[in-house]
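Paired with subunit B in one complex and with subunit C in the other, subunit A is shared by the two complexes that follow.
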Partner chain A sequence: MTLSAQVLAVLRREAAVERAGRELLTTALPLAAAFVVLAGLAFGPEPQALERTAGGTVWLAVLVATLPVARAVLSAELTEDTWDVLRALTGPGALFAGKLLGVWAALLTVWALTSGLVVVLFDVRPPLVAVGAGVLGTLALASLTTAVGVLVATGSRRRGLLPALVLPAGLPALLAGAQLSTPGVVALPWAVLLVAYAAVLLAACWTVFPALLEE
Partner chain B sequence: MSMAPPPRRIDAALSATAGLTSLAALVVALAVAPPDALQGQAQRLMYVHVPAAWLAYACFAVVLVSSVAYLLRRDLRWDRRAQAAGELGVGMTALAIVLGSLWGRPVWGTWWVWDPRLVTTVVLLLVYAGYLSVRGLGDDREAGARRAAAVGILGFVNVPVVHFSVVWWRTLHQPATVLSPDPSPMDGRMALALGLAVVAFSLGGWLVVRRRAQVLAGHDVTVPPTELTPGPAVVVRAGEHR
Partner chain C sequence: MSVVTGENGSGKTTLLRLAAGLLQSTTGTRTCSGTALYLRAGGGLRSAQTVGDAVATTAALVGRRGASGPALALLGIAAHADRRLGTLSAGERVRATLAVAAAVEPTVLCLDEPTGVLDERGVDLLVTVLGYLRSAGTAVLVATHQPAALLPLADAHLRLAGGRLEVV
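Presenting the complex of A and B:
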């Protein structure tokens, strides 16, 4: 079985797990939506304040939504006791890539929902570069979420460590994403930061992932 | 036959050098270097604040290198070095934040500002506090070392962000003076005091990491069953119940 076929198989499994459990639909999306609505209430109602905080609200919501998504990375495998079988049937690279694509799709959905809500409720028009930031920033966070999700889930204690590991490490995506989503901000330095962060994090997660799968 | 000096001699030499350099730094910083023209005596906190921040960065670099080395070689000595450096790095980051706050009060007029350098440094502290906590995720020593190595590598991604935050954002925090490509406007005596303090902190940090790694090695030692000392024999006489 080729690498791409393995990746596709893992991704299909992720999709099937989501269809069966509706984990994203019932946890991450409502959390992100509630976050945006409450942030608007807390920061508003002045239009200037909402415009200033819109980008940060979107990315803070995405970052917070990584927590339920990270908890779900291995929950199905651990519940069904299929983690060992999955590890035996697929290589670490394919497993990481398949899980990563599933998490990326989930975070992209969260980003799209929160961005849409911000456009409608905050009445702001994010710059076009915000779309690129959404794609790259969620990719970076997805790699972090996948690696840390597996790391914490395979431990036997201190599962509550997840937020302490994911939230601070997601800081560059939060900062660059928020700046790139704010109208009038010079985009280039933040785009460079986001590209570098995504590339380095993706490479680092890919490299350390096999060590997390060992017995 | 190894010609390397014994560890105790290295520790003694490090202790002596670090002590002497600290003494020299103390004298130059307090008695030779002039007070800052604008900030006055409060600026002397720089001679501890900057070396603490420098040592924290250095420790996190050691965590990165040791974590990579552990994953490549699976030798627990690298894991112990990483843990020792991580603990010192967390302590030095906390020290740099507290001293920065003490320095900021007379200079900026407030204990805390939402400045990118300050916020990203606190985030760095949280990242490495998480790194130290990861070891408690399970009971398996090797698995704990692998998890810690992974977080040690991923956590380092934030270090450049913290360092360059002063350059990227408009900030209240002073930009880099010594490491700046422009010629340093610092008085020579101030630069000497700062240089000595950085060397003293570096040597002291090296010593602390070495000693802590030795202590951690003691925790990792397991006594083989054949070397276990038998406990005292229990003699039960007829008619006695124990």
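Presenting the complex of A and C:
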């Protein structure tokens, strides 16, 4: 099988598992939505305060959602004894890419939902560049979540490390995403930072992933 | 086909995981020219999925989605194809695990304790599947505490004791 065919097979399996269990639908999305609603109540009702905090609220909600997403896409494979099968039947490249695309799709869905909620509840109009930030920022976080999620999931004593590792390493993407989603912010420096950081993170995680699989 | 026996904690699972390439050995080398699949009895499939979907999406990872239907039929669980794995009995779940092996037809199959929860018919089906895989060219390594039913099919009976592997 070609690499792309294997990646597609892993991704289809991810979709089939989610269709069957609806774990993301019932954990990550409600959690992120609740976060946005509570943030709106905490930061409002002044329109200026809501406008300033809207971007950050979206990206904190995405960050909060990375934990249930990592559990559904990565940790559950270990608790259900399916990780060994995936490792045996797919190459590290296909496994990383397939899992990454699964996590990315989940985080992108969370981002789209929370952005929509922010537009409605906070009554703000994010700049157009926020869409690009959403795509690239969730890609950076998905790369990190996939790599760190595997590292953490393969050692029972490391499970508490996921938030401790994802938050600092994902900070540049979160900051840039929040800034690019806020009206009136000069976009170029943040856009450059986000593009560069997403590219570096993706390349680094792709490179180290085979080593992370070793027991 | 080789049957591996040994007391609890003697290293059977470690041996199988080493053979499957899931563990890195500290000394020696391991060579495998194809797919080595390690399966723990009853594991290997996500419990939220239906039996048919789980076996098909797993077989699809090696481009053998079409082999899942015949594999389910071989294991006598085609009628359960639409049931979620989480609702199956332990024995039925082992059969679903074996269906993965039959569908994938790996180069090397390392099967960990498949006989524990199987009834008489389940053991017969296990022998049938292992015979089928053997004829298809799969090298099979089975770790078990109940080797009697498998030994007639085996080329070798290996025993792990005191950290050493000996031919019985």
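Criterion: the second predicted complex is superposed on the first by the 210 of 215 C-alpha atoms of A that agree within 3 Å, B and C clash if a C-alpha of one lies under 4 Å from a C-alpha of the other, contacts with A are read in each partner's own complex, and residues count from 1 in each chain.
FYI, a residue touches a chain if its C-beta (ideal position, glycine included) is under 8 Å from a C-beta of that chain, and two chains touch if they have at least 3 such contacts.
All values reported here derive from a predicted model rather than from experimental measurement.
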For this session: Mind working out whether A:29 is in touch with subunit B, subunit C, both or neither, as first, second, both or neither?
Result: neither
Exercise. Which of the two partners, first being subunit B and second being subunit C, lies in contact with A:193: first, second, both, or neither?
Worked result: first
Problem set entry | Partner chain in contact with A:152 - subunit B first, subunit C second, else both or neither | first
Exercise. Looking at the overlay, what does A:144 touch: subunit B (first), subunit C (second), both, or neither?
Worked result: first
For this session: May I ask you to decide whether A:204 touches subunit B, subunit C, both, or neither, giving the answer as first, second, both or neither?
Result: first
Exercise. Looking at the overlay, does A:100 come into contact with subunit B only (first), subunit C only (second), both, or neither?
Worked result: neither
Problem set entry | First, second, both or neither for A:168, with subunit B first and subunit C second | first
Exercise. Touch check for A:214: first (subunit B), second (subunit C), both, or neither?
Worked result: both
Exercise. What part of subunit A is shared between its subunit B contacts and its subunit C contacts?
Worked result: 214-215
Problem set entry | Residues of subunit B defined as touching subunit A within the complex | 71, 120, 123-124, 126-127, 129-130, 133-134, 136-139, 143, 146-147, 149-151, 153-155, 157-158, 161, 168
Exercise. Which of the residues in subunit A come into contact with subunit C in the complex?
Worked result: 1, 5-6, 9-10, 12-13, 16-17, 20-21, 23, 76-77, 80-82, 84-90, 214-215
Problem set entry | subunit B contact footprint on subunit A (complex, rising order) | 144, 147-148, 151-152, 154-158, 161, 164-165, 167-169, 171-172, 175, 189, 193, 197, 200-201, 204-205, 207-208, 211-212, 214-215
For this session: Could you pull out which subunit C residues touch subunit A in their complex?
Result: 17, 20-24, 35-40, 42-50, 53, 57-58, 60-63, 84, 100, 104, 106
